[in-house]
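Heads up, the next two complexes both have chain A, just with different partners, chain B and then chain C.
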Partner chain A sequence: MSATLMFYILGAIAVIATLLAITRRNPVHAVIYLVNSFFALALLFYLLGAPLVAAWEVIIYAGAIMVLFLFIIMMLELAPGGETDRYGPNWVKWVPILLLAGALGACTLLLTSLDPTTADGVPRWYASPRDFGYALFKEYALAVEIVSFQLLFAAVGAFYVGKPESKRKGRGGEA
Partner chain B sequence: MPEQLLTYALILAKLGLIFFVILTLAAYLVLAERKILARMQLRYGPNRVGPFGMLQPLSDLIKLLTKEDFLPATADKWLFLIAPGLSAVTALLTFAVVPFGPPLEIFGQTLPLVVIDLNIGVLYFLGLSSLAVYGMALGGWASNSKYALLGSIRGLAQLISYELALGLSLVPVVMMARSFSLTEIVMAQAQIPYLLLNPPAFLIFLISVVAESKRIPFDLPEAENELVAGFHTEYSGMRFGLFFVGEYINLIILGAMITVFFLGGWHGPYLPGVVWFSLKVLAICFFFIWVRASLPRLRYDQLMHFGWKLLLPLALLNVLVTGAVLLWIG
Partner chain C sequence: MIVPLEHLLILSTTLFFLGLVCVLVRRNLIMILIGVEVMLNAVGLTLVGASSFWQQLDGQIMVIFLMAMTSAEVSISLAMVVYLNRRKQSIDIRSFDEMRG
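Then we have the complex of A and B:
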């Protein structure tokens, strides 16, 4: 019972923090709210019996990606409240958001209607790091490899784009 | 029911004791640092308050508590007020997973000398150390001052860079112990500490830890002669005190982590486990102070080159080599 209560409290925190993150004009405040949301999400994962995923959520999302966001925002020195004219009443701009929200809603409905006991993989209630590792690198090895190749492409692309113009031209039409 | 009460009482006693010991140790570490630095520079150090200056931390505390808590006019109020707490709390929380002795037998119950033995202890430590960045970054940004902002931007870049090497240098340890739990990592070192089995991992971890503690030679976020006091320039009174205490608590935690991961934790001949653990942690703390007294500050580009071009590839190579050796042994 108390676990269910915790679940709803944490869920509410995550939703409210995310809403606040979207609506804040001050970018640093938005980052802080998003970190809060990730934190609540990590606790939700822990509550659902996936401590490893919870730890990665904190380390990677709250601890690395959001810190990089904060770093870039501080470097750029964005003035709070700038670019307000972008939020004009142009409804065409809302279409992608509505589409995404619809897709997310449909996915959520689909996932919640499934019976969790029939899903294979690691036992749902408590996934130790060892079980998690075996499931990830044995059953889903191909998917992991594909994802890591995609990350490699992104890294190579970033290196190419980040190269000074003069050096890029020196290599001719190679790239 | 009485048995359950006893369990709760023991847990509470353990928490209170750890809290008390860590805070006192942090306060006296400040005094120890001032005295040892003074001796290394042929001075006396604080010796007026109480015998051998032993009451100096207490008088410092009274001074910090009674000073004015100043809030800059253009500061971002809430973040400015919260930031010092963030940096002290993340440092304190880390101690929850540190095993500081072998399990104890009290009143017919087995009492593990660790607050909670998470099976993801290593990741908990890494997660909290990556969150510790926020206290410094937000404190510097919320002050709305050039020096503080520069300090926290430097600190952010430095901590991001060295956290990678820190995490990667722990991978061989996890591979050798076959567990993320700190207690099991200590158990696995009953015969030989990992310092002897994998010296490169130890060196990389040690250097990254010094960088993570933002002390000389990696104290660029608060370089006095360039940035006044870096990210905590605008802080005064106990809020400055929280940043300060957080830094020393962090020092103890990092010393404890080195002890757990590489020096065999509580294992040692003759003396009881808790004593061995404390001795090892204090020795590491002395090493930190010694480093501060002996080394100059790095230049910023040297810091970045060292982290990304030397430490990170070495850590990756070490993971590969350790994995290969472990496979070869079977």
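Then we have the complex of A and C:
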């Protein structure tokens, strides 16, 4: 199996999973399909020579951000209830997600048997984490500092917005 | 580069428009945020593809900044969702079409 063929398979998985995600009525189902789509994108990043970005895609997007979404959905009880699984789970509804996850698992296994060279015999280009770190912290050191400030502001902003209005102080006007 | 750049751009454009349609059509705040996530990921795919095409690292570094930006955006917007839900007991965007004034 060549990397080119795998690119098209993973692209199809990503598009199908995204399409299913944006049409779901239940936000929890949407998040689960979106995690599938992000895994497919992570494998695409790996194929395109970005192993570190692929790992971060799984850790940050599929891990942290999607768990945050699930947390908020469950905290606010936004998922529609009512459908009880009294007679056991409805397996038909599980078919698309199981198919997508199975295809992704098969692709992950096939990646290990992938030929690391291109058609003309040279090894495929990829950015090693070492090169990546040097470029990030030497050429882009100022941008890293700015991004760290941005994350701090985001944390402060989220904390302020999330507080009950009655507890807010130090702000002009009626609030 | 394992595929022509055009095919990669077609894929990322498709994903971007799926996210855009989700933002424009859905009326659930959570689904709108999910659409934004899809769009940002499509942009990331374009950046990684360009990085692979020119064999330069800068595209991948841009993706890292994109991820940092996304996590900041998601934390603030989910806090906004909690705040809006507390005010109107709903996350349907049609409940937020009036100003307080």
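Basically, the second predicted complex is superposed on the first by the 115 of 175 C-alpha atoms of A that agree within 3 Å, B and C clash if a C-alpha of one lies under 4 Å from a C-alpha of the other, contacts with A are read in each partner's own complex, and residues count from 1 in each chain.
Here is the rule we go by: a contact is a pair of C-beta atoms (placed from the backbone, for glycine too) under 8 Å apart; a residue touches a chain by one contact, two chains touch by 3 or more.
Predicted, not measured: the structure shown is a model, and the values here were computed from it.
After superposition onto chain A, the partners chain B and chain C occupy separate space and fit alongside each other.
With both structures placed on the common chain, the touch criterion links A:Thr18 to chain C but leaves chain B unconnected.
Of the two partner chains placed around the shared chain by superposition, chain C is the only one that A:Pro27 touches, whereas chain B remains out of contact. By the touch criterion stated above, A:Ile9 is placed in contact with neither chain B nor chain C. Residue contacts after overlaying the shared chain place A:Ala141 against neither chain B nor chain C. In the overlay built on the shared chain, the residue A:Leu100 is in contact with neither chain B nor chain C. Of the two partner chains placed by the overlay, only chain B lies in contact with A:Val35; chain C stays clear of it. Comparing chain B with chain C, the partner in contact with more residues of chain A is C. Of the two partner chains placed by the overlay, chain B and chain C both lie in contact with A:Leu68. Of the two partner chains placed by superposition, chain B and chain C are both touched by A:Leu52.
Of all C-alpha pairs spanning chain B and chain C in the superposed arrangement, the closest lie 14 Å apart.
Residues 52, 56, 64, 68, 75 of chain A lie at the contact with chain B in one complex and at the contact with chain C in the other. Of all residues in chain B, only 76, 79, 118-120, 123-124, 126-127, 130-131, 133-134, 137-138, 141, 149, 152-153, 156-157, 159-160, 163, 180 touch chain A in the complex they form.
Interface residues of chain A facing chain B in the complex, by the touch rule stated above, are 28-29, 32, 35, 51-52, 55-56, 58-59, 62-64, 67-68, 70-71, 74-75, 128-129. Contact residues on chain C toward chain A in their complex (touch as defined above): 1-3, 7-8, 11, 14-15, 18-19, 21-22, 26, 28, 30-31, 33-35, 37-38, 41, 44-45, 48-49, 51-52, 55, 57-58, 60-61, 63-65, 67-76, 78-83, 85-86, 91. Those residues of chain A that touch chain C in the complex are listed here as 2-4, 7-8, 11, 14-15, 18-19, 21-22, 27, 30-31, 34, 37-38, 41, 44-45, 47-50, 52-53, 56-57, 60-61, 64-65, 68-69, 72-73, 75-76, 78, 118, 124-125, 127, 131-132, 135-136, 140, 143, 147, 150-151, 153-155, 157-159, 161-162, 164.
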